[in-house]
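One structure is given below, encoded as structure tokens.
Lettered A, B and C in written order, each chain numbered from 1.
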Amino acid sequence: MRDGQAMSRETLINILLAAALLALPFVAIAMEEPFYITLATRMAILALAAVGLNIALGLGGLISFGHAAFFGIGGYVAGIFASHAFNMEPMFSAPFEFSGSDQMPVIWLAAMLVSVFVAIPIGAISLRTSGVYFIMITLAFAQMIYYFAISWPAYGGEDGLSIITRNGFPGVNTANPLSFFLLCYGVLAVALLMFWLIQNSRFGAALQAGRQNEQRLAAVGIAPFRIRLVAFAISAAITGLAGALFADLNRFVSPSMLSWHMSGELIVLIILGGTARLFGPVAGAVLFVLFEFALGGITEHWQFFLGLILLGVVLFARGGLIGLVAGKARHG
Amino acid sequence: MSTALLIEQILNGLQFGVMLFLMAAGLTLIFGVMGLINLAHGSLYMIGAFACAAVAAATGSFWLGLVASLAAAAAAGALVELVVIRRLYDRDHLDQVLATFALILIFSEGTRWLFGSFPLYLDIPSALSGAVQLPGGGRYPLYRLTIIGVGIAVAVGLYLLISKTRLGMRIRAGESDREMIAALGVDIRTLYTVVFALGAALAGLAGALVGALQSVQVGMGEPVLILAFVVIVIGGIGSIKGALVGAILVGLVDTLGRFLLPKLFAAFMGPAQGATAGAAIASMLIYIVMALILAFRPKGLFAANA
Amino acid sequence: MADTVLSIRDLKKTFGALKATDGVSIDLRPGEIHALIGPNGAGKTTLIHQISGSIKPDSGSVHFLGEDVSRLGVAARARRGLGRSFQISSLAPEFSALRNVMLAVQSRQGSSFRFFGPVMADKSLTEPAMAMLERTGLAARAQVPAAALSHGERRQLEIAIALALGSKAFLFDEPMAGMGPEGSKALTAFLDTLRHEAPILLVEHDMDAVFALADRISVLVYGRIIASGTVDEIRNDPEVRRAYLGEAS
């Protein structure tokens, strides 16, 4: 049962993926195609968002169709903080005056905190249900936030919000595309390490057992609800962080980051790569951005073909890319 | 605020609710019988609207368009069921979500390919273009009243179909015990195709009817789909009665919320700020209602298999 | 109440028109095996579900170690030491036998919110879990995923998990079901020693095992206890013979 061969092959793929993503911007510079740096950054950020979702979906079996909510919230935190800092007008004045920030560490922390703050009530209600209900309810809550963003004019409403200059990071020139990529890549690496640690930890054991058999988890005295709520919150925090980076990449945030298409795409990233695999989201994000770029260059109707490919993966290649190359997942 | 205006808003809410019911009935039926979550239901709504608009434009008859919308949506539903959906019944919900998400991409982009990005327009048929005098002095468009009537007729028809006919008996059997009805010799594959096509036809009908009120464009089905999800979550997945109650509730709450909340907030926040805050809260109102209902009844108001 | 570990009083549960549990009272005393027998459909598993907390009774109470646990959920009752096995094995299928037991060890240590530290390298988890697998004769199968274990092995694994929980009482729902004669004999011998660790409420159809093991027997028919007593009393009870044993043997 312990397929050492497949195991080492998966590790090899992971290393190759990590190396290829890291190499891409340097190749871009060598080819004088700076746009490819943006593509690589996009891959890293989408992978990060999907690593977050993978904690809930891959490890916990919680099919959240509303993670765009956290992605968008992260984006709006970045946008709102930056716009207040840029215009030097206070966001709030009690209990202390706060005029936003254009520093990424502050923004990242806030993006994660706000995501957790929103994820806890959403999770607390959604996790009382399961199956299809959970899918639909998470979708509905995300939609609620989407409509709120559209109808609340203070931060651009339907038009979105521009970030005039990319937010800064101490000691890094974030305006330089390569530096910004490396920053995102570093965050992704930390998130992957976190995922790996959680996957193998006691918490991860309980979370995964709950996915396999909820009844069993409760029968050994671990209440599934609390484990899942915490997992949902951690998952939201990481996806929120990715949203903040995404806003800085585009220097723009709009309700489309909150849309249900985004939620669907995040799930697609995980499935394309391979569910519950450490590097599944990375493989999925690389593939997705490549599809988007390659197909988009051929036809404006690339989403039609993306749909066909996705349908093919779901119907015929359920392990995703890593599953295809590395064989069946090993659990032990 | 006049009584006439309030009555008009209530009728608008009913009309919206009835339209949501047409969507939600198919979704909940498909889930109840086949255990399938179908995100592409909104695409069938869109197909109905496009078929109606295209045929009405070509022939000059809204009624032929309406027939075409039913036929096209039912045919698309049956085709999709035969080619894709039936491979998904034994799969988990994640696979169903992804495969039907893929179908949305295919349908939306395919429609854009065929019809272009510009919206089509569908005129209200001349026989229904007038308005009706309301008690209280207002007037209300006949066409919208007709939609309410159609919705009620469909609700009654579905009730009769499910409780009185052989097909309905099989559907009910399919909801409670799949193996049993296979054992009774009912061709379950055909039954599934029929149920799926029926749900699709209802979605197509909704799309065509609403197409004459709004513009017909790619992506029009998606907001409606998500509201239909809210409806069946509130009503209890698998319950037609729940879908009806949920749809009317969502239709009324949403419409009246958008109408009343800005006025209410304006009363104590000042007109400009109040209207903004009221509109923002109103846009979230049905989700708040959904959350409240679920907090007390996690399986919805009329849970099918409690 | 001092010398009852588990005390069930007047439990009632109806599903529609069906009275699944109709005023059931049962005691479980230290060191005993209390067998619960009855024909199919008598409501034995429904009763076990109510004791373990996965079904809420309409009325009645469950006291465990002197505490009223009637309002607690499954996990809370399990943490207090109510260990159960399922009629149809219920395990984490992708996890190895060892990891299934480790989950119980981790729960007993009250430490499921640790996010770091790989469990497989944690001797405070692996060693007690391995010890339980050895006690139940599964040590050689420790690395096999639960889904790949044989039917009998899964039963043993469920018992190993209940042991690892440090259970103060065991609820075993047909542990012998589907086991060959060899397996049944071995398990009977094992349960015989286990009673000294914690008392057992045993639902079982294998009458040889029940008569060999039970200190007391309660007979459940149509949701009601029609007789309760020692093995001999039950053997000779005319109502039991008519309602149950007459049909079964």
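Going forward, a residue touches a chain if its C-beta (ideal position, glycine included) is under 8 Å from a C-beta of that chain, and two chains touch if they have at least 3 such contacts.
Quick caveat: nothing in here was measured; it's all calculated off a predicted structure.
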item	value
Chain contact topology (line, ring, star, complete or other)	line
Farthest chain relative to chain C (centres taken as mean CA coordinates)	B
Distance from chain C to chain B - Cα centre to Cα centre, in angstrom	48
Whole-Å separation of chain centres (CA-atom averages), chain A against chain C	43
Distance between the centres, which are taken as Cα means, of chain B and chain A, whole angstrom	31
Touching residues on chain B, where the partner in the complex is chain A	31, 37, 39, 84, 87, 93-95, 97-99, 101-106, 108-110, 112-113, 222, 226, 229-230, 232-233, 237, 276, 279-280, 282-284, 287-288, 290-291, 294-295, 298-300
Residue ranges of chain A in contact with chain C within the complex	1-2, 197-198, 200-206, 208-209, 212-213, 215-224, 227, 230, 331-332
Residues of chain C that touch chain A when the two form their complex	52, 54, 73-76, 78-79, 84, 86, 90-96, 99-100, 102-104, 106-108, 111-120, 122, 125, 143-145, 148, 161, 165
Chain B partner contacts - residues on chain A that touch it in the complex	57, 63, 65, 125, 128-129, 131-133, 135-137, 139-141, 143-144, 147-148, 150-153, 260, 264, 267-268, 271, 275, 301-304, 306-308, 310-311, 314-315, 318
